[in-house]
Structure formats: C-alpha cells, structure tokens
Amino acid sequence: MNAPDSVVTDYLTGLESSHREVIEFDLNSRIIQRKTTPPRPKVGLISGGGSGCEPMHCGYVGYGGLDAACPGEIFTSPVPAQIMAATERANMGKGVLYIIKNFGGEVMNFGLSAEIMKRRGIEISKVVVNDDSSFPLAQVDRRRGLGATILVEKIAGAAAERGDDLAQVTTIASKVITNSRSFGVAFNSCTTPKVGHPNFEMPEDEFDVGVGIGGDRGHSRTKMVSADNIADILLERPSVELNIASGSKIILLISGLGSTPSIELYTLSGIIQSKLALKGAESIRTLVGNFITSLDTFGVIATFLVADEELLELYDCPINTPALRWGI
Amino acid sequence: MNAPDSVVTDYLTGLESSHREVIEFDLNSRIIQRKTTPPRPKVGLISGGGSGCEPMHCGYVGYGGLDAACPGEIFTSPVPAQIMAATERANMGKGVLYIIKNFGGEVMNFGLSAEIMKRRGIEISKVVVNDDSSFPLAQVDRRRGLGATILVEKIAGAAAERGDDLAQVTTIASKVITNSRSFGVAFNSCTTPKVGHPNFEMPEDEFDVGVGIGGDRGHSRTKMVSADNIADILLERPSVELNIASGSKIILLISGLGSTPSIELYTLSGIIQSKLALKGAESIRTLVGNFITSLDTFGVIATFLVADEELLELYDCPINTPALRWGI
Amino acid sequence: MKTSAILSPLIAQNWLEEFSKIVISLEDHLNELDAAVGDGEHGSNLSNGAKALLQGFPNFKSRTLGEFFEDAGMTIINSVGGASGALYGTLFLRLSDVTSNYQEADLTLISQAFDSSLSGIMELGRVKPGDKTLVDALEPAVTSMRASVKNSENLLTAMIKAHYAAELGCSSTANMEARKGRGSYQGDRSIGHIDPGATSMAALFGALSNTISNYFPH
Amino acid sequence: MKTSAILSPLIAQNWLEEFSKIVISLEDHLNELDAAVGDGEHGSNLSNGAKALLQGFPNFKSRTLGEFFEDAGMTIINSVGGASGALYGTLFLRLSDVTSNYQEADLTLISQAFDSSLSGIMELGRVKPGDKTLVDALEPAVTSMRASVKNSENLLTAMIKAHYAAELGCSSTANMEARKGRGSYQGDRSIGHIDPGATSMAALFGALSNTISNYFPH
C-alpha cells in the first residue's frame, strides 16, 4: 500500500510521531536521534543500515540504546552524509562507536565516514557484527550481521549509559559479537516496493536455509519439515560454534522476518529452549517478536548469546526505545 | 510449519518458557496465569478467545494486566471449563471481571461460566467489548470486540492493581469501551492450520473493508488505494462516532493482523496522526505493532480511544506482560 | 412393529457414537464450509467434541436418560468451544432437563425435549429461523416431530421425517444472508454458501434416524 | 582527426549526464537483475545518484577536471548508498586524484586515472576479478585502455574498445559464482545471472565512448 518513492520517509515520519517522547526524525540529515540528551556526557553509539529491516535500527534509538541511527533506502546502506551527521549528533566528547553489520555497503560507507570524522577530530571506534553462522568459518567474510546487532546495541548501550569509556564500550560490544551466533530460514521471498513482485519464487513445500536480511536467498533450499526439525537447523551451527553445553546461560532472540505470526515464533522458541535444556544449557532471557526483519519475509532468525554475569547485568539495565523497553 | 493438532499447546509452551518470570501455563486447565500473586488481594481480571490472535490474550497476562487468560483452539472461543478454572485462579475474594469480546462463542461461553461461578459464590462482573465500528449502530449486535480489548485489559488492569473494587473496575472498563472505536482492513485471507489454504481468494489489487479477527471477510471489498486513502477509511467511522474534534486526546493503537511489516504500520500511524492533527485532535499515546492479530493476515486495525485524565493516568501506570511492558 | 420404539440411554449413546463418527469423517468438509462463511473450524470444533464423547462414554456415571444427556451436554460444552459448543451443549442439557425423570423416552417426550432444545438455543444464541444458523436445520425437524406426534406416527417414521426436514432446512440456508455468527460479518456475501452448523445439525438427525432404524427396523 | 581528442570538465559532465540518463532508464532492469542475485535495488540506488548528479551539476563549484570528479564522486557517495555508492564514488574520487593537476586529460592520463580507480575499488571492496562484481566490467576496460595507450590509438578508438571490453566482461559474469556482495549469500545459485553492478559499469563506458564520439567524430 506504500508509495515506493517515499516509503522510507513516510515510515520515519510515522515512527517519530508514534514515539515523540523518545526519538526525533531529522528530515534534513535523514537520521533518527534521541529526543533528550543523556543526563551526562557519554560515549555515543550509532548504527545504520538498509530500511526494510524494521525496527532495526531506528527502533533501538533511545535511553540505554543508540544515540542515532541512519536508515538507508530499502535494503541499501546509508550514505556517509547521514553517518557523519549521526556521528556529530552522537558525539558528546567521549567518542563514538559505530555498530556495523558485515554487509559490504555498510562496511564501506561507515568506513569512509570514520576516516573523515577522525580527520575532523572525533574519536571513532568500530565493531563489525558477523554473528551469521550459515557460512563456514573459512568464509568468515561472508558472515552477515544479524540478530546479535540488537544485543550489541542493547548491551553496549547500557555500558555507555553507565559511563564506560570508548575502549570499554568497544570491548563489551566485541564480547557480545564473539559470544553470539545466528541462523536464519525463510519460507518465501519478500517483495521490495520498487520491484513489486517477490524476488524469487519459492515452491510451497520448500524453504531456504541460511538466510539473512535484505531478501537474499539462503545458501541452500530444503523440503519443508516440521517445527522440530527447523529448530534443529537453527540450533545446530550456533551451538557447535558457541560450545553450548551444560551450564551455558543463553540470551535467546527469536525474530520473525516480517510476516511470521507470533504463534509460530513462540512455538519455535519453546522447542529451541527445550533442546537447549536437553544440553543442560539455560535460556535465561528470551525475546520473541519482530526485532530484525526483511520486509514481508515469512521466516525466522534465531540468535544465541552466551552471557556471563557482566553481559547479563548490562542486558537487564533499563532501556527505553520504540522497539525495546523495560525497567523504565 | 506448525503441526495443526498441537499448534495451540506448542505456542503456550513456548510462551511460558519465553516469559517465565511473568506467566505460567497450566497445561491441565489450559490457561495462562500470572506467575506471582499480586502484592495484595485485588479484583481479578480474565479474558479469553480463539487462538490465532496472538499476543491476545495470553500476552497481556501479568502485573497491571490480566490475572489469567483462556486461549481457545484456533479461532474458537474457550470452553467453560477453562473459563471457570481461570475464574478460580483470578479470584482473590474481591470478585472477577470478565472481559468478553462480542463474538457469539465468547458471549455464550463466558455467559454460561458466569452463571455457574456465581452459583459457586464468586462475584462476577462482565463487560462486552464491541468497539468495531464497521457496522452501523442499528446492527450494534454485530460489532465485534477488536483493539479496544487490549486497552480495556491495560487500563482496567491498572485500576484493579491500584485497589479499585469490582464495581469501580467495571465502570472503568465500560468507560474505555464507550470511548473506543476500531476499524480494520485486510489485503489477504489468512490460512488456518487445519484448512491449509487461504479461506478465500483476494485479487491482488483489492482489499476487504471492515474486517475483524478470525479470518472473516470484511463487509465489502474495494479496489486498492493509497496509504492515505486507507488512513481515511480507518479514521472515518471512528472519528464520527467518537466525535473526534479540536482538543480530543486520543490513545491510538495501530495493530497489524499478523503479517503486516512494521514499516507499513508506522506509515499508516504517521498519516492517521497528521489527519487527527488536522482536526485539532492529538494522539497523546501511540502503540504500533502486532497487538491483536489474525494468524498471517496482511491487514491492520486502527483503534481510537478518547482519553480523559483518569484513563490516561491508568494507561501510564506500570505494566509487565509478555506483550506490553513499561514503567517496570 | 416388532416392539414399541423408544429412546433408552443405550440407544441414545449409540446415536451419539454414530453422530461422533460422522462428525469426525466430515471434519474437513465442515471446516471448508466454515472457511467460506466463517472462520474455518466448525469441523475441528465438533470433532474435538466427538472425540471427547467417544472417550468419555465409558466413564459416564449416568443411569437415566436425563443423566446421560447431561453428561453428554457437559462433555460437549467443555470440549467444542466456539458458538457451536455452547449451542450443541445447550441442546443436550435441555434434552436432559425434559427427560430427567424418565428411564427412556417415547416420541411424545422426545418431541417435547427437542422443543425445549430449540427454545434454549434460540434464547442463548439470540437467534431465530432465517438467520442462517443451525436453527434452520433444527427448527424444521422439531416442527416435523410435532406433526408426527399429532399424527401418532411411529418413532422411526417420525425420525426419518425429522431428518429429511433438517436436510431440507440445511439446504435452504444457501439462500440466506447470515445475521448471526461469524458469517454475519460479510453481509450478503454469505449468500450462496450452506451454513456449516446447519449441516452438522442435519447430520445429528441423520444419526438419530439411522440408530433408531437399527434398533427398530420396519 | 579533426582535433586532438581530450577529456575536459565540460565533456566529462556530458559523459555523466549521458550516464545518468541511461541509468534512470535502466532503473527497473537493474533492479530486476539485482532481485535475481541480490536485494533488488541496484537500479534504484544508482538512479538516486543519477538524479543527484543531474540536479547537482549546475551548482558544482569545480573548474578543473580534478575538481569536477571530486564533486561528482562526493555527490554519488552521498546519494547512492549500498556497496555500489561507495564503489562508484571511489571510482570518481580516484579519477579526481590522478587528474587533479590537469585542466583536461588525454588517453594516457585517462588510462592512468582508471587504473587508479580499479585499484581503489579492489581495495575498498576487497574484491578481485572473477568475484562477479562491477570489477569484472571495469578491469577489462582498464586493460583495454592500457593496450590502447601502448598502441598509441586515438581516444575515440580506445574508448570504443574499452566499452566493448566492459560489455564482454559484464556478460562473462553470468557464468561466475558471486563471492562478494549480496549475491555471494546464495552460493552457486547466483550462476546463470548477470551481475547488476557489472551491467551498470559497462553502461558507464558506453556513455563515455558515446560522448567522446559526439565531440570527436572519426
């Protein structure tokens, strides 16, 4: 129902008016920023990426989260002008952390921006999120940034809020990345507003294994199986790579990709948790919903973060953003 | 991907394990109940309805919300045994309020249960939510309970939590109903797990006007129009019936029906808010997301509540449920 | 007539066993009918009830006809859900009320009992004939039974006629616009489709006449 | 030869005007190509850049060729987004670096400048020929130019050959498996589809040879 040309602006306008107490849309710079300046100077956090993955990233701007987010066009990374404006807005003299998902466009555009901003005297630190475990470690450069991005934004956001310096916040963010893995599957292809039809056809009884966001195909396609088998697929690589075993404490994020009913997501969440329990691991915190999406894709990304005391404490800190809120 | 026969149980199991601190699934009675008993005896609140409308109602159980919810099979109202178990669980000696949506099955099953529970000496009070404005007032008995249900659960929940008695809580709930109107549209038909194909075919360039939940058709079908026109359709009847005018303060709820991307919902939210502003009305609080759904329906329900000081204050009170959380 | 035809608890149980099997075999069909006018689960709802009945019969404590119908009604109410659960449940609870003082029922009593079911359903569902619901199968069957009583027909003849009346009534719902239940939300677009509840109600009378004919063949 | 063929700021602007128009007319086609291997918006991304260029030219402060390419590069970087925005931007920023001390450029300088663009892109994109990207159109064009310099061909001939090389390179991507960019996520299922970035890159050289031929016809 959207007008293809103004879809992102229309969304941002609606987001702003729906969460006026928390965020602000700067139409000129095309960024979403926190409405109120933090109580005291802190490390700034920014992120950005193609639109169509809502609520990422604009939905995570606010107290305890990002200071600003740069939304690109649909599935297109933001441009340096946006990133630089966001950097300036987020900079309170204690430096700015760029949370970059490992997509070529983001890495390059945030990279170019960082160079320029450093020359302008702003301290910049970068982390590249690559929790996607659908490619073997030998192809680590293909590993996309998926659900861990949200956990990085939440947890590093809390670290910044409590007063950590840039190096400390960066260390926390890196720790979240190191300890996180994701895996995704999809049952259809999304339709981008400009193309107007699904990017590819998917037979009704098949699904794509190892998908990301942005509507791309997974690395392979499989015949439809039960929710139990899907849970196995989602769990397999992450649990091997993270060494999930007896005693592991997991923050679990089950995100629909845009058109997956909540009843299906919770079903998967339940099965995955009981499979974790079989390994002796515990899902100590769970998020189920649409947290990182891909327009109207019917699919799911499961993200596992092996949390220690420090990460859990930061995760539990208050947050007040359009898409995540607790303790406040 | 779900097994049709166990879909509801699987969902409830996953819901419980994903929100263990807040709720509990009683497999025997097939109800979701609050995990911890309230700090002091209060009026109990229960609701229930067909599954497939998640997060309604189980997602609204918790502090500041419902005390128990009875999920029926997909699109089927719960049975009296569930309702009676929920009543007993919610009863703390101050009576129990039944929040019933105006669907035949719910009215009858809650009605039968109320009679039985009253005979067992529990004070029962009932409100029937019928905020659906897609039928003219002459057909008021066809007006379904839609988005206002969530606002009733939130606001009456807060009233109960602060210690209001059954009559007072009932009055508040009725006030929310009186001051609320909803309107829905849908762009496809959902697929129920048992039937396995969409309930009806919808041409790609048309949509249904005046839909509810449960996958039923709207009262009429129209050619596809722009988001702006859709906003007009959603706003028209509610604003006439509620007399929305200069100075009106609105709590606005924009709910996707299960497979509507957030980018579309926020776009509509923005347009509706600017149209409200043109009338001189203000949307003082806004909720945008999947709050009342209909499996994988691509559509939206817009709910408007004209709020006074009292309702706003109760709305702002803390709530901690799987689907709504703030202030805590 | 070999023996005076009556409805005993045993025959009643056979009737509902027969009905349960029919409902289970019709599950998908009833779901499809409900998908066209409602929410696509009438077959599954009733099937849940049918399974609960079949499982429940061995544990029924009932001795009299009235007690049997009460057990059946409560089982249905607590397993079906939806509008139809409350309505079918009410049907049996009313049968129970009227037959409660009897070991078994003859045509006159059966007719009175179904009369009471019809009013109970019309009251609870706030529904009348012509609203495109199960009442449009039930009401003609009840009317037919009344006539059979008046004409002193035997039970089997009366039940065959009642079943036929229910089937005719069910077919007639195709031309009606739904005014009650989920079908009512789509206005006149419900016209052209048969009502699922009327279909299952006709099957209830089919099972009844079939059972009676097994016990008391002509 | 009527006049010694060179690339002046004016001719460069004509080149990019031509390119912009082509890109805008190819928007849907490039989106479709990207839908098959990537995320369906390469055409829209570049179109945004094209529109920004067409709007921006009148306000460019640039006088020298180097300044012109810098303005063009920055405009692209800040309007296209995605991988292609940074990469196309880098292409022009590198052209700017190499030509910065010149009012205009001859074939030798042009060839050196594109050489530098190629390395800039390979560095930023961590990409090499054969990865199924725009490099597979750019690299053959650059190689062709180098040969033309060696053979002292005139600018128009060189540009026509470079364009042809780019088109060939673009076609060759159909048989490659994507190893960079969004196409790389689907493994060998990208085989059979032409790379959208290589297609637009070939169009860049088409626009260049066409512009040169308008100014300096044979």
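We just call them A, B, C and D in the order they show up, numbering each chain from 1.
Please note the rule applied: contacts are C-beta pairs under 8 Å (C-beta built on N, C-alpha and C of every residue); 3 or more make two chains touch, one makes a residue touch a chain.
None of these values were measured; they are calculated from a predicted model.
J.: Quick one: point me to the chain whose Cα centre is farthest from that of chain B.
T.: D
J.: With centres defined as the mean C-alpha position, give me the chain B-chain D separation in Å.
T.: 55
J.: Where the CA atoms of chain A average out and where those of chain D average out, how many Å apart are those spots?
T.: It comes to 33 Å between the two C-alpha centres.
J.: How many Å are there between the centre of chain C and the centre of chain D, using C-alpha atoms for each centre?
T.: Averaging C-alpha atoms per chain gives centres 77 Å apart.
J.: With chains as vertices joined when they touch, what's the shape: line, ring, star, complete or other?
T.: Topology of the interface graph: linear, an open chain of contacts.
J.: Hey, which chains are touching each other here?
T.: A-B, A-D, B-C
J.: Which residues, counting only chain B, touch chain C once they are in their complex?
T.: Listed in rising order, the residues are 50, 72-81, 103-105, 108-109, 111-112, 141-142, 144, 192, 194-195, 199-200, 210-212, 214-220.
J.: Spell out the residues on chain D that touch chain A in their complex, using ranges where they run on.
T.: Those residues of chain D that touch chain A are 27-28, 31-32, 35-36, 38-41, 43-45, 48, 77-87, 89, 124-126, 180-187, 189.
J.: Residues of chain B touching chain A in their complex?
T.: 1-3, 7-8, 10-11, 13-19, 51-52, 54-55, 59, 187, 224-227, 230, 252, 254, 258-271, 273-274, 283, 286, 288-290, 293, 295-296, 298, 325-328
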